[in-house]
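By written order: A, B, C, D, E, F, G and H. Residues from 1 in each chain.
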Amino acid sequence: MIGNAPFFVAMLLIIIGITGMLTRYNLVRIIISLTILESGVNLFLVSLGYREGGIAPIFTGSPDGALMVMPTVQAMTLTNIVIGLATTALLLSFIMVLHRRYGTCDIREIRRLRG
Amino acid sequence: MILLFPEPFEICVLVLAVLILVALYRLVAGPTSPDRVVALDAINTLVVGIMFALGVIFRENIFVDVAILYAVLSFIGTIYYAWYIGGRYT
Amino acid sequence: MIEVLQIIILIGLLLTAILAVLQTDLLHAAVTLGAFSFLLALEFYILQAPDVAIAEAGIGAALTTAIFIFAIRAVGRKEVTS
Amino acid sequence: MIAFLVTTVFIFILYLILTAGSGTLGLWSYEELGAGIVLSLLVGAVSSRFFCKERSVRMANPVRILRLLIYVLILFPLEMARANLDVAYRVITGRIRPGIIRIHPELQTDLGILMLANSITLTPGTLTVAADEKTGDLFIHLINIPEGLEKKEIVKTSDLFSFFDLPAWIRRIAE
Amino acid sequence: MIIEPLIAICIIIGLVFSALGIFGLIRFPDVYTRLHAETKATTFGSIFIGLAVILYALFRWDDAGEGISLAAHVLIGIIILMVTNATGSHAIARAAYKSGQKPDPSVTDALADVEP
Amino acid sequence: MTGMDLFANLPGLLLAVPLIFAFATPLIGRYLPRARDGWVLLGMVLTTVIGLLIASAVFTGGTVAYTFGVPDPSVTVPPDSGGIPVRIIFNIDAMSAFMVVIAVVTGLCVMLYSLSAASRSSGKDGYYTLFLLLVAGVLGMVCTGDLFNFFVFLEIASLAGAALVAFRVDKGIAIEAGLKYAMLSTIGGLFFLLGVALLFGQYNTLNIAFLAERMGTTGLTTPDAVALVLFVTALAMKCGAVPMHFWAPDAYAMAPAAVTAFLVVSSQASLYALFRICFSLYGQTLNTVLLGWFIIILGLLSMFIGVTMAILQKDVKRLMAYHAVSQTGYMLLGVGVGLAVLSSPLLLSNFGMMAMEGGIFHIMNHAFYKGLLFLTAGVIFYRCGTRNLNDLGGLGHSMKWTMLFFIIGALAIAGIPPFNGFASKLMIYESVFSFNPLLSIIAMVVSILTLASFVKVFHSIFMGPKRPEFADVTEAPLPMLFGMGVLSILVILFGIFPEQVVEVMVAPAASALADQAGYIGSVMGGA
Amino acid sequence: MNGIETLTTGFGFWNPIFWVAGFVIALIITWIIWRRGEATYNTSPSSTGPFLSGNAEPQPGEIHVPGGNLYWGFTQALERYYAVIKPLHTGNLADYMLWYMGITAIMLILVVMVP
Amino acid sequence: MKQSNIVRITADIMFPFIMIFGAYVVLHGHLTPGGGFQGGAVMASGVVLLLIAHCDKDIKTLIPTQILKNVETFGLLLFGLSALAAVILGSGFFTNWLVNTGLLFGTPVEYGPNPGYLNTGGVIPVMNIAVGLEVLAALSVIAVIMFRSTEPDCGGEEQ
């Protein structure tokens, strides 16, 4: 039961992120919520690979035949973190330019493209 | 001689984790921005302590690398917050 | 033992996540997000993923903070609520 | 050039500490040593102009390093322990009398000011709030100002430290 | 052996000071006094936990080479922690002062003459 | 294996060439600015050649599986792994090859076009780098046989696409469009990753074929169904299906014209992935009728709402963007009908395969004529500086070739013979009529409305007397015309010889899509 | 005629040769009709004069029908449909995300509840 | 805000440490936690620290952006070409062609857990180095560009 706690928390984090993205109007806040959502996905991935009593998947110095947690999900998480950083940087630089041009960060006012 | 008594380290880790939760109160309630940054700094220091102790519990010396990095990088974060707060932005 | 530690950290994660969404000041939200990121790195560490923990610490503590601070500096820290 | 060498050696020592226990040659393996030399040269070339500005090359003097070690390993921890007991007392009892005072440590070098400021921050109930770059004065927040100290314009440093005269030591190390 | 009690004492000191630091953080009235408690006490606590780890690594590790390696890393970590925490709290204090936060219960304020 | 064996490594090179050319572009652009155009063109031509070679190999010799990181790339399942494909595998069957052909041909034409379209602007290094990255991302998306790898390429394509959408800042509006695109792409990508995680947690593998095999043995569990929903909605959003299409008009309208033409291909790569997941991953496990009807409904909504919104628009590119949404509906309709009847062989052979062929053929046709139309709109913007239909007029006097290309594209999108749109639309009408006559009638009505709205565009831009403010407008530069000319020749050729194209490329693609066992066997070695 | 085959479908067939031939024939017929009318067409303005009710005919350069004015009848007829469908395209990023997540949520509920 | 000299000196002292630690993480990517991306991010954090500590000075002379961009391209090309070299040597794309050759990073090791020797791993350390350089340069350039856009005159507002 306790072993499943990370999954629940990951799902809750995802829900918190979605709620924040849908209910907040400031763009920077939306990016913060996006980061939380992404962290939730990362936590979910890492928890998938966790084995009770496993050790880190590093060959140096580990006893022979020890139970290891799964390295695949860690590689996936790492990739996702990299992608997330790139996305965050791109979106935030967009927001900075947008604020200079529009004078606001409120998504209710950033809607020149409509109809 | 393997692992004579890791239990003190485990207790230590638990107590520090509870302290983190306590420090979160200041992060929530801190009336001003510097207060929150102070709380963040406290959390960082505690986490570094936890990581030191976990390095023993997990019996992996390479885990301590993470703690060193953590100490350095949290410093950078703190400096950034201080830079922003000191700049008199509204 | 590790389970109890995990539970505590997960509670902290949830608290900071909710706060980061709810704070009215963007700077406070960024600080809370920093704490969230640190706790997440610790959780990765406990889940035996030191690689991911290093990456999360490096990204969450230093670089994301820096980028968020730059952005908040550009757009102003108060969220306009109307 | 000297700056580059000093930086490189410093970095190399750091690298050796990081990779301690890796092999048979003393504590290190050949590969680690080779890689350490290459990395030290590279990083030294990048960072020497930050790490080693011209006046602090004097820190390469072995006597100063010995004094630095004594300072860091013996004197400073004692002061720090006392400071922490003091803070513990304040935390438990809640008796505080805070305020900001100004001291004039008469230190010239950057490293000296840094060491003093960090020492002050970690020692008796004090916290460096600001530093005047021209005069080298430090503005210090005290958690418990002794009676009468707040009247003075500039406080002498010896009033702050009880066991050892840390500024004098720092002067010996860094000046 | 004497090592185990030593490690236990180190851990207890570390825990006590960390706890004191956090309680000071909660209890003190303004940001400067909180910084006092936080910086000194939690840094001191973490250093003692690090010391406990060093002792453990040097005397109770199954592989001597790895033990030395662990001890060296923890030592570096402790030094980094001291330098960065002190400087970080200085930066926070200065920023707080610059942002217009005066020390609230305050006997004297020498900085007020210099930086209005 | 000794010595260079380039032909065995073509799938790897297909990915490596655009990436390496993209990475080297900033260096070339900084130190040899004159050689930059030739450099990127060389990269794109090489990619095209490799892509066409792979496609011909696939269409003649069957599925190509390529494993990364082993001495012999054709061995997909290493002998010591216990029958599990552990590495990243490119699994290029006929459907993938079909998409590769579309991507490289459109990419080449667009590159030719943008060589002169970008000649006046700054930041060309970044533009070409991002463009080649986008090409590489799309090629990776359509080639890969690995779910997580697909996610990575999806994100590469999304980020490069978003940066390209916002490339011309244009008073901030382009940034707004880019922000919306990047935001939705990121959320979609994260949900996709969540689905991948759900599948990985159950089956401990990421390979699509192996997943399909294991899922076939265990049956559909609830996490599988949740993952399916996450996949389908994320990919439907990425390909611009109503009601998740809102980003599409914004992004398509504000991007530079060349980029828009390729963004269409990028969203069709998402469409491809949607089909791949529905057919190859879930095909035999799932009751496909429900899913098929979901896709059909999405397609109908896309068709109708897209075209009715298009009629209102005053911006040329925004109008065309809504048409892109509308045309996506045709593909969803065709393939959705195929999916709905997948479980009954009789219906499948009666009209299901025909519907799928029509839908798949429409992907290619759409890429070509929509690319052509966006390029003409780009030329008009390049010469006149406006895209507003109320201001434009009388350009037919000075831009005859552009007008000709526009007519070709407009007639093709409206499904008028003898252009390629007619052929695929005919196939869709026919087969869907057998499935459900109402759907077919709606599709025809949408086609008529499409023609109507393009008559409006044609009238507003090209007809009428010459306007004084566009008196000095001249014909587009030659490379632009060349890029458009290649596309329009393709449009006409595919319209006149549809049967050959269907026989050589489309029918193998459709049967490859419907044949799940073949897909599994190509990786698992017929196990 | 091996190269050009007939695309046979359920209803009919599509052969480009037939189609092109038909197209050419239609063009020829059109040309013939146009040609017959051309000979007798009076190009002087007096032929259109009576229809313009006394106003002077505008010069060709002055006539410009803006694109937005086309199909006003169509949009007028579908006014109620457009009154629903056009406000959906708000240009608000939160609405975009809401639609996407709403569809996902509905599908999830359907999938989890139905079987 | 201009930083005080205490922060500046600390940053100057920490910078070489951060750089060497990042290089350590990159170079031991195949032995210990970390790798190209993590090490590169750590080194980029060092650059970001310099940026903030010296924000009152001329950023262009402090952090040469042009050189960083070249380094980024070099890293990317090194990564791509080391993967492509396998094809040229007659093997599959991304094959580890350096392993067990006795060349740089090519010392043969036995299968199974071992203490970890630096000189192993074949092409993986090379790719780690390439990724590390790329990440260092790219993240630094991003930070510098964002910093400049918020602060057109680099910190002239000190009272």
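Please note the rule applied: a contact is a pair of C-beta atoms (placed from the backbone, for glycine too) under 8 Å apart; a residue touches a chain by one contact, two chains touch by 3 or more.
Quick caveat: nothing in here was measured; it's all calculated off a predicted structure.
In this assembly, G is the chain whose CA centroid lies farthest from the centroid of chain H. In whole angstrom, the spacing between the mean C-alpha positions of chain A and chain E is 31.
As a whole-number value, the distance joining the C-alpha centres of chain A and chain H reads 23 Å.
Averaged Cα coordinates give chain A a centre that lies 46 Å from the centre of chain G. For chain H, residues that reach two or more other chains under the stated contact definition are 1, 3-4, 6-7, 10-11, 13-14, 17, 21, 25, 32-35, 37, 41-42, 45, 48-49, 52, 115-116, 139, 142, 146, 149-150.
Shared interface positions of chain B, i.e. residues touching 2 or more other chains, are given as 33, 37, 39, 58, 60-63, 65-66, 68-69, 72-76, 79-81, 83-88.
Shown for chain C are the residues that touch two or more other chains, namely 30, 48, 50-51, 53-55, 58-59, 61-63, 66-67, 70-74, 76. The complete set of chain-chain contacts reads A-B, A-C, A-F, A-G, A-H, B-C, B-E, B-H, C-H, D-E, D-H, E-H, F-G, F-H.
Per the touch definition, chain D reaches chain E in the complex via residues 14, 17-22, 27, 72, 80-81, 83-84, 87-88, 90-92, 94, 96-102, 114, 117-119, 121-123, 125-130, 132, 139, 141, 143, 145, 150, 153. Of all residues in chain C, those touching chain A in their complex are 3, 6-7, 10, 13-14, 17-18, 20-21, 26, 29-30, 33, 36-37, 40, 43-44, 47-52, 55-56, 59, 63-64, 67-68, 70-72, 74-76, 79-81. The residues of chain D lying in touch with chain H in their complex are 7, 10-11, 14-15, 18-19, 22, 29, 31-32, 35, 39-40, 42-44, 46-47, 50-51, 53, 110-111, 113-114, 117-118, 128, 130-131, 133.
By the touch rule above, chain A contacts chain C in their complex via residues 2-3, 5-6, 9, 12-13, 16-17, 19-20, 24-29, 31-33, 35-36, 39, 42-43, 46-47, 49-50, 54-58, 69, 74, 77-78, 81-82, 84-85, 88-89, 92, 95-96, 99-100, 104-106.
Chain F makes touch with chain H in their complex at residues 1-6, 9, 11-13, 15-16, 19-20, 23-24, 26-27, 30, 66-73.
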